[in-house]
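We call the chains A, B, C and D, going by the order they appear; numbering starts again at 1 in every chain.
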């Protein structure tokens, strides 16, 4: 069943909810989900509304224009309109570790992720066989300090060719350059293997072991220029005990990583994530 | 700051959100919180809206009538209107165990619970001293099979005299009779010391030990005639290990019980709980 | 590095720990892990010791006999001796749902599970392609009420031929007959998609939705004749909210199921699970 | 029932467990609990054994000497011997926030904490009434930059006079000077209101809000000279959502703080905490 999702962000003003719900009601929209949030500190208003397209009185390609003219302009809204067809297109970047990749591919296989995966890019060949077994093209693009910016250009080219909507870094062990990131603002999802902001950077499980924490975690976030500092989409944790070695922390942590990353992708796919400064609103 | 909360329940129909938000907007209501939920199975619509009274154009004692005439009747709404002043009045029933009582009294002392506690009723004297140390009247009402219905009548009389809005059973080891319960529909909150529906009835920690579960829990729910079967407001759990004795399960469980009960009270106080059949909608 | 694991169960008596540790010390065993547990209710004693084989003074094939003669008989011990080479052999039974299977295969691929998987058996062909993509033989054995006992005989035959040590039911939608179960006591691991003992039997997510629970769970347990009543190895949970549909409970629950099942397998592989009556001791 | 607890720390050597268990067995000790841990990185060995005193063949006041001569010296062990009678003596330091204090007092009242509380010290009078209602002396000792070192001297004097074994900082809003800390190494337990090492220092809930984390936490740790950097005893977390204000984070976090602090006290009281460098071994 085809549905539309409207995402709205503007300064909080009286009458917004009334105007939007009136718009949908007037044009015979059957609302399925609607959420709002008012940020008291900043005075920002956020809204997400999902409704069925079948009975809607406005043609699919006219909704945006008409909403803009009759509602959005009056409230100086930033808004975006999304449909569940065609499916969004997601590229996956991996290195050697397979747990996040397999978790995503499993959901893709079972239909839990309504997404197209036109390609997987990796700086290693380690995961080529399983990716291709799922019928997905695998691009091996090794990275060295010398070829990095050149390879990134090629990667961006590939993303464009494949009309990729967003990128998932499924334990991709390379830091993307600002030049790459700026093309996909709030559209690159990374999984960091710590409970951010604790243990930013490399080897967080070693750092967690050394600090003697009793709980480890993982963080799914949008990538920004500052390392591991982008807006957090989802986090989760697992208990560890004194006798767990670093290797055991890694194994326990991987179970958290893969579930957190897949939840972040799920929220992103459902257009439930909105970014305000460095925070996220998650309508879940 | 004084605010009003409107709780609405009706059959889902197009235009409800528009009408309610239009009503608040038209009368200059500054919305602080608004949540809706549509139950797809039953076709029921739920809404909770909170707004500041100061700037609102309708007098406090006229809101209900005007909303009824201009909005509610049109949609055949069940609605209720609440204000944060005066504070709701809560009675606590206890037996001998102190952990839930102390947790509640601590929040009362610190101002976290915006509530009046006109009395604590107990079938034992064990907790009289600490209750009175908090300046709260303590009524000792022992229960035997013979005097139970007579004592319940006196308890109901006490609740009426003290204008009690809702009752909290903070590990009260007596089963209330249907006659008592019917006077406070969805207004008696009980904490059951298991993860319902597992281990209904007496001695759930013994049953949990015997079954060898790896996780124990607690459930805050409204009391209905059927034992431990009322609408669930909140649940939480704790991990246990094979070496934990029943006594340790009890101690570990009590930490869950008290936090779950206090969360259930908090949601009830904030009018965030709505009941549909035997399920709850929690706008949290 | 090769190591040995000794699992001991007997009535608690003074001197057991001394005798076992003396045995290992005397024969130059370098202890890596040692755990004990005394069940106060039953008076049972449990112990697990793991040590390096390299420096050990007794030949691998003599350890069992010598331990029996010099220690076990004196304390009337039940004991078993295990080595990490050769790897245990695990058969997987599946139906149509892929999430648990993929989770296991992912760990097998990455080397997290030190196990051989000689075959996957299924009553459907849905998962044949991905299983074979991992290089694992897939046996399609459809089950009808008429052919069930015959097919089970063939399955048992296949397990014997393949020298299978234990069986994992990764959301296998068939109830094994007592005849099958008795051949693999405490060696068939099932994942049940509820927080047992809540919601035994079919369609637990529907039951959870209907009951309005705020937390759902999954349970990994050994299969016994009584449905969903065998010794629990591991459990975990996830929070759900009123707006989650049954379909969403299923998706949220699957993430719990797969991690719980894989943890249960991990404990079983490491010989960390001991069964006492209907409870488990987990030396983790 | 009186019991003894032996805590051992030394370099890992073959035969330790055998020697200790032989010692207890030989002198007719009925072991209740025994745990070991070998830190592979450092080669350190840790052990905790608890046994009944009644049947033990050595007089209470001779155990330490005889264990030292017959076992400890041979292995160059650091060891300490503890009895559950008389009860340990705990001082509590508080400022204005009551939640951790009330949680501790509740457990003290119910007998869950087998401890004496000879005094509560505070730099404010806010909590004087409830403390005295529990029959515990309350010492008001205001702190200013000018009088701090003088007041700390008086506090140390009070601790000595009251034969205090360990100190609990139950949200005490003062930083203890190194001079104070050195007198109670690994005997001052603090609760920090964040999931350390995230958000060290003041106002962690504000920092958590600003960073947009999806989970907040609390950390119970021993106090060392470096702020919030001492060995972690226990941690726990709670989920938060985008709409939670800083004030709500504070309330949600306080429920975690009080339970984490009380668990840390419980482990400390049961002599289950051992410190190695900046990490803890928790035999729980």
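By our rule, a contact is a pair of C-beta atoms (placed from the backbone, for glycine too) under 8 Å apart; a residue touches a chain by one contact, two chains touch by 3 or more.
Which protein is which chain? UniProt says A, B, C, D = Formyltetrahydrofolate deformylase.
Only a predicted model underlies this, so the values are computations on that prediction, with no experimental measurement involved.
Peer 1: Please report the minimal path length, in steps, between chain A and chain D on the chain touch graph.
Peer 2: The least step count works out to 1.
Peer 1: Greatest Cα-centroid separation from chain C: which chain?
Peer 2: Between chain C and the rest, the longest centre separation is with B.
Peer 1: In steps of 5 degrees, what rotation angle do you get fitting chain A onto chain C on the CA atoms?
Peer 2: Rounded to the nearest 5 degrees, it is 180.
Peer 1: What whole-number Å value describes the gap between the mean CA coordinates of chain A and chain B?
Peer 2: From the centre of chain A to the centre of chain B is 37 Å.
Peer 1: Please tell me the distance, in whole Å, between the geometric centres of chain B and chain C computed from their C-alpha atoms.
Peer 2: 42
Peer 1: Among all residues of chain A, which ones touch two or more of the remaining chains?
Peer 2: If we look for residues of chain A contacting two or more partner chains, we find none.
Peer 1: Would you tell me which residues of chain C are touching chain B in their complex?
Peer 2: Chain C residues touching chain B: 37, 40, 195-199, 210-215, 217, 231-237, 241-243, 245, 278-282.
Peer 1: What residues of chain C sit close enough to touch chain A in their complex?
Peer 2: Answer in residue numbers: 97-99, 102-103, 105-107, 109-110, 112, 130, 133-134, 251, 254-255, 259, 262.
Peer 1: Residues of chain B touching chain A in their complex?
Peer 2: Checking each residue of chain B against chain A gives 14-15, 17-18, 21-22, 24-25, 28-36, 38, 239.
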